[in-house]
Every structure is written in C-alpha cells, then in structure tokens.
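In the part that follows, the structures are each spelled out as structure tokens.
Here chain A shows up in two complexes: once beside chain B, once beside chain C.
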Partner chain A sequence: MNSRTLTDRATLEAVQFAVASVHDPEYPGVSIAELGLVETVRVEDSEATIDLIPTYGGCPALDFIARDVRNAVMATQAVTACTITWLRAPIWTPDRVTGDVRRFLESEFTVTLRRSDGSLVCPVCGSGTVRDTAPMGPSRCRSLAYCDDCRNPVEVMR
Partner chain B sequence: MTRSWTDLDDFQNFIDGGGIVEAVDDMPDDYRAEVFRFIEFHANSELMGGLTERDWIPRAPGVRLKQIFLAKTQDEIGHAHLLYQVAADMGFKDRTQMLEELFDGRSRFHNVFHYQAVTWADQIAIAYLVDAAAFASQRAVFAECTYGPYKRVLKRIISEEGFHMRHGEEMLLRLTEGTETQREMFQAALDRWWWPAVHLFGPDSDPNDPLLRWKIKSQPNEQLRHAYIQKYVPLLQSYGFRIPDDNLHYDDTFDGGKGAWLTSDIDWEPLKATMRQGGPDSRRRISNAAANYADTAWVREALQRTGAAA
Partner chain C sequence: MIELSTAAKDVILAFADDEHMIGSRHANWIGLGPFLEEDLAFCSIAQDELGHALALYDLIVPSSEIDRFALLRDPSQYRSCTLAELECATWDLALVRHWLYDTAEELRWKNLLQSTVPGLADLAAQALRDEAFHTSHAEMFMTRMHRDESARLKVEAALAVLLPAAGSVWSPTDTEAEAVAEGVIAASSETLSQQWVDTVTTDLERFGLAGNTGVTLGDRTIRSQGFESFHTSLGEVISLDTAAIW
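And then the complex of A and B:
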C-alpha cells in the first residue's frame, strides 16, 4: 500500500464523517446517515460525489439537507469540489433507519416505525394497543396513530 | 397506572418536584380545565395558521416556494390534528365540537390569524416575525410543560417550527437583497405585522396565573415579549428596516445598566378585539375556514365508509 492510497482513504473517511455529521432538520440530534438517507460517498481526484436518498420526493427539506452536506464536506478542506445528487432509486423505506436511532426517535420524538409484521408498539408505554388514526401526519414521511393504553398520540415513520 | 392526589397542595408538591401528569391520571378538575383550554387554543391556532398558508400556495413565486408552502400547510394541519386529539382526550369536547365552535366564531385562536396578508411580503413577515414569536412562546411552554401528552407533541412541533424559521430567514434575505420596491414591500408588511407579533405574547401575566403555577407556562408573558423585542429590533434594523414605533429607544440604564430596547406603551385594544372575533380580518378568516370544512365533508365521510382511519 503506497502513501497515496493511505491519503485517499483518510480523505474518504473525512468526507464520510462530515456527511454523517449532518442532522436531519426535523430531528435535531439524528444524523442523516442513521436515517438511511446516504447511499454512497465517493472521492476521486479530490472531488467528492455524494448520492442521497429522500424519504419522500416532495420533502421540503431536501435543499437544506443538500446545502448542509455541502457545507460540512467543504469545511473539511479535504476535497476541492462536492457533487450531491438525490437519487430516484433505490426508494427509501423505514428499514434503512438504524436500530439505535429508532430508540432515539421513540424516546425523544414519540416517533415510531412499524415492525416487520406491520404491527405498532407504543413508544411511550410499550403497549401493543396502538391504532392508526390518520394516513397523513405533519410531514410526508409520517402518519398518525394513537395508543389506547397511555392515551398518547404517536407518529409513525412510513 | 392511575395516580391521584389528596388535594391541590399535594398536587402542587408533585408539580414543584418536577412531576409530569399523564392522560390516565386522576388530575385535579381545575388543572384539567385550564390545560384543556390552553391546548384547544393552540390547536385552533395551528389550524387557522395552516389554512392561511394554504391560501398562499398558488401565489407563492416559483415551484420551490410552492413546495415549501405545501409542506408548511401539512405541518400546521398535522399539528392541529395531534393537538385536537390530546385536547379531546381530556374529556370536555370531542374534535367535531371543537371544530364547529371554531367555525361558528365561538372559539379563540391567536391574534395574528385575525389580520389579512396583503402582499407576498406579508407572508415573509409572517414567516420571519410571527412564526418566531410563536416559536418562542411554544419553546417556553415546552421548557416545563407538566402535561405529558402535550409536551410530547410540542417536542415535534418545535422541531418543525425551527425548520420553518430557516425558510423565513431565507425568504427575508432574498427580499433584502432585491430591488428598492421589494424592500419597500417588506417595510410596508413590517408596519402591518410588528405590533400583532408583539401582541402575540399577550399582556403582562397575572402573578397568580394557574398556568404558571402548574408549570404549563415556564415564563410570564412579559419576559418572553421583552426577550423577543431585544432580539428582533436589532436584527430588523441591521437589515435596514424601520420598526413602526416612534418611541422605540435603547435605554442604557435599564435593569441596573444592562440596557434594553424599550417600546411605546403597548395598546392592547387590538388584541382584545381579536379575542372577540373583532379583528380586521376575523370574519373572512372564520367563514373561509367554515366553508373549507363544509367542502371537505365528503372526504371525512369517504374515509369513514371505507373503514380507513379518519
């Protein structure tokens, strides 16, 4: 392994770290990487190419996220250019959200994700008596539900 | 597990010790009534605010701004939905009753939704000034908020409102870098919206306000209003705009030499008028909201018939 390869790897890691440091504008404390929005990060000839996946195509936060990613990447001074693309495929699904951040979304935001069998568990009291109440929540990526046990409204990332 | 308290003193000790009340608890009747009124007012305000944003979707200049206004509308209506659910759960009125009273003009909502937005610059003044005032007051409620279900909803609301404020700043910056006509448009909008934004915090709190005692509100109205004025006067002036208040001045001696921006004595009559549905645009706003509710009856009916959650 020559020194050039090592430098390339260090640059890539710096860029990857910068991308992962960007938080979702609607979930302060949650990295876009943990939400599964980052598909690929490449560096070639000091130019970063970053492919992102939107939760929903019409999400109004896409421009802000792209700008935050660009600012974070350029601030590393590891690359001279940064190209960001929002991919149309693959499509984002809740499976892309990592385990730790699921728990954080539940405890901090009362936002939960459907289990693989389609069921819901209340993020407040752990009860299984959560019923869907509205297909549209405050944002494209969330629907509304309600726990009959602890009587809290719950939002579901979908 | 349902908790109960022997008397109001016992309940106050629980609150003062950092306790959070849950929907299933046997809370004191007065607490339940006060918190319900507060949440119903908030829910009404989110709904009326969302309908206002909606009116501007077709008029927003450009696809990107239309997309942002669509999303903000969905945000506000979604917040209203969550808040009506928390309010209805408290057992006084169901959602339909709250909505019907609102559209009948028998219910209160934030003063700022009783005024007309005349130009696109008004929409920017609202996003920049009014949303910031609402955000500051919601954050102050979230800071303590002893009613658990409301606190959880507020957490998400304030995260989203923080995002709206970025849009407001972005839109304002674009206009300030524009032509002289654009700057004049914003100045005219600021002249219309400055006082309503200041009024949003309400008159000085009664020191015996039960909402303060029970830690729904964490700070009296006058403190929040003062902090808001300290932040926004210099910001707006730095962009070269004039605050519509001839007596506005900086007092170096305020608070033992800390200094502060001080306004004219505030005339609260316009605020009181909005609380009686007597604001400049109250009638039109309420009748538009009522017409919208009637127009969308078929959606609610269709959702019910198909068995989908409504």
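And then the complex of A and C:
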C-alpha cells in the first residue's frame, strides 16, 4: 500500500468521522448517521461529495443540517471543498435508524419506532398494548399512539 | 437545472402552484385548530404541501429564484386551481377541502411515478409516503362525522359549498396532450378525474354523507375570488426586502 493510498484513506476517514459527528436538530444527542440520513461520503482530489437522504422532502431542517455537515467537514481541513446533495432516492424509512439509537430515542425522547412486523412497544413501560391514535403527530416526522397499560401517550417516528 | 419541454413545465407549474396555495391556506390554521393535536397535525400537512411545492418549483426555476417566483409573480401568471386557492374560513370547510384535495393529490402523484422527467418519479414516490398520512388523517375525520348529527350537517353543508369547485383540481394545462405523449404524465386529467369521482362517491356513501359529485373544470389562467388579497398577504414579508436571503 503506497503512501498516497494511506493519505486518501485517512482523509476519507476524517471526513466520514466529521459527517457522523453532526447531530440532528430535532434529536440532540443523535447523529444524522445513526438516523440513517447519510447515504454516501466520497473524497476525490481533496473535494468531499456527500449525499444525504431527508426523512421527508419538506423538512425545514435540511438547510441547517447541510450547513452543519459542511462546517464539520471543512473544519477537518482535510479537504478543500464540500458538495452536499439531498437525494430523492432511496426514500428514508425508519428501518434506516440503527439499533442502539432506537433505545436512546425511547429513553430520552419517549419516541419509539415500529418493529419490522408493524407492532409497537411502549417506550415507557414496555407493554405491547400500544394503539395508534393519530397519523399526524406533534412534529412532521412523528405520529401519535397511546399505551393502554401505563396510560402514556407515545410518539412514533415515521 | 434540466432542460424541459413546455408541456412538462406547464404540468409541473400547475401542480407546484396548487401545492403552494393549499399549503399556505392550510397554514392559516396554525394556532387556530379546533384542538391542540389537530392544530399541529394540520400545520404538519401544510408543511408537507409546501415542501412538495418547493421540490416541484426546483425542477423549473433556479433555486435562488424560487422564493421570488413563488411569491411575487403577477397573479395572472399563477396556474393554481380554485379548490387550492379558496379561503376556507371555517374548520368544516378546511377539513372537507383537505379531504377532497388530498384524494386528488394522491392520484396526481401516482400519475407521475413513471414520469420521463428526470427526478420527478423519485419525487412522486417520496411524496406518496406523505400522502398516505394525509389521506388517512382526512379519512379519520370524515368517517366519524356522520355519528354526530350537528357535525354531519356541518360537513354536508361544507360539501355543498366545495363539491362544485372541487373538480377545478382537474383543469388540464393547455399543453396536456403533449405532456401525455411525452410521458411526463401517464394519464390525462380527464381519466384521473373519473377515478377521483368514483373514489369520492364511494367514500361519501361509506361515510354516510350526502353530496353530489361531478367535475366542473375551471381555467387555470384565471384566479379565483379572494386570490389577490391572499397573494398580497403571502408576499408581505418578502416584499420588505426582496434582495434579502432568508
């Protein structure tokens, strides 16, 4: 492996690390990588190209996230330019959220995600008797449900 | 920006203006919804529609120009339909319009899933994910209205006002035949309008609500009553400083 390759790899890793360090404005403490917003990170000729996936197209936070990513990438001083694109495909789904962060979302935000079979588990008491109450919730990316066991409202990331 | 035919631009502009108008009208309910959750839900739906409008404008207008294009055009240059432009000053009107419009909107996005316009099919797939929530939200209310006599009467009165205007959403662009030939849209507005009438009629029966469905087309080059003052209010902030970057 020549030094050129090693340098390229170090640069790419620095950029990847910077991108992964950016937090989602809606969920402080949760990175955009953990939420599955990062599709590709490439570095070519000292220029970074980053493709991101919005949770939904009209999200007002897109400009803020792109700005934070750009600032984080440029702060590494590993690249001379950074191009960020919001992709229309593939479409973001809750499946893109990584396992560990699901538990964090449950404990910190009482926000839960549907299991692969479509069922819901209460983030407060762990009961499976959670029923959907409203498709549109308190923010654009959440719907509302209710736990009949512990009588808590539950927000579902969708 | 990609080079598009006039027919493609016309279709995209009409849809974008509809989404812009309905999103802005829905947004008028922020802080005024009948209860807190519904206030938030309606404002989320408004946000989605404005997001769709932005994504559609982005296909036909340079990004830096979108705000001025969306807000400061002369009224004669808008191509929105009456159903999207109408002021719905009571909650029953706003709710019924939301149901009628989103039932149509879902069909319109599906009609773009195979579009030859680069990026439009992907956008349609993304928007349909939002629409599933909008239509289920609207339906959740509509299915419950017949259970309470006073609510049913209000919704039926709203239907009587809105159904005659609702078909305006299917007013075709002047160049629609070319748009179909080019594969911009799969089916004509007329074909979709028939599907829409069938759906709306079946749904009304299922909801136990009375209303006469039918399609009276409008003219997208003519603005409906009340547009001018709404347009002025939409442009109030940007007009303070048209060169500012928001």
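Here, the second predicted complex is superposed on the first by the 158 of 158 C-alpha atoms of A that agree within 3 Å, B and C clash if a C-alpha of one lies under 4 Å from a C-alpha of the other, contacts with A are read in each partner's own complex, and residues count from 1 in each chain.
Throughout what follows, contacts are C-beta pairs under 8 Å (C-beta built on N, C-alpha and C of every residue); 3 or more make two chains touch, one makes a residue touch a chain.
None of these values were measured; they are calculated from a predicted model.
**Student:** Assess the superposed three-chain arrangement around chain A: do chain B and chain C clash, or do they fit?
**Tutor:** Aligned on chain A, chain C clashes with chain B.
**Student:** One more residue to check, A:158. First (chain B), second (chain C), both or neither?
**Tutor:** Only chain C; A:158 stays clear of chain B.
**Student:** Could you say whether A:108 touches chain B, chain C, both of them, or neither, answering first, second, both or neither?
**Tutor:** first
**Student:** Could you look at A:26 and tell me whether it touches chain B, chain C, both or neither (first, second, both, neither)?
**Tutor:** A:26: touches chain B, not chain C.
**Student:** Kindly classify A:60 by the partners it touches after superposition: chain B alone (first), chain C alone (second), both, or neither?
**Tutor:** Once the two structures are laid over each other on A, A:60 reaches both partners.
**Student:** Report for A:94: first if it touches chain B alone, second if chain C alone, otherwise both or neither.
**Tutor:** In the superposition, A:94 touches no partner, neither chain B nor chain C.
**Student:** Residues of chain A touched by chain B versus by chain C: which partner has the larger set?
**Tutor:** B
**Student:** Quick check on the superposed pair: does A:138 touch chain B, chain C, both, or neither? Answer first, second, both or neither.
**Tutor:** Once the two structures are laid over each other on A, A:138 reaches both partners.
**Student:** Applying the document's definition of touch, where does A:124 land relative to chain B and chain C: first, second, both, or neither?
**Tutor:** first
**Student:** Which one of 171-179, 243-251, 261-269 or 297-305 is the stretch of chain B that crashes into chain C?
**Tutor:** After superposing on chain A, the stretch of chain B hitting chain C is 297-305.
**Student:** Residues on chain A in contact with chain B in one complex and with chain C in the other?
**Tutor:** Dual-contact residues (chain A): 58-60, 134-140, 144.
**Student:** Considering the complex alone, what residue numbers of chain A touch chain C?
**Tutor:** 56-60, 88-89, 91, 134-140, 143-144, 158
**Student:** Which residues of chain B touch chain A in their complex?
**Tutor:** 22-24, 64, 67-68, 70-72, 74-79, 81-82, 85-86, 89, 148-149, 152-153, 155-157, 159-160, 162-163, 166-167, 308-310
**Student:** For chain A, which residues are in contact with chain B within the complex?
**Tutor:** 25-28, 58-61, 63-64, 108-111, 124, 131-140, 142, 144, 146, 150-153, 155
**Student:** Taking the touch rule as given, give the residues of chain C at its contact with chain A in the complex, in rising order.
**Tutor:** 37, 40-42, 44-45, 47-52, 54-55, 119, 122-123, 125-127, 129-130, 133, 136-137, 140
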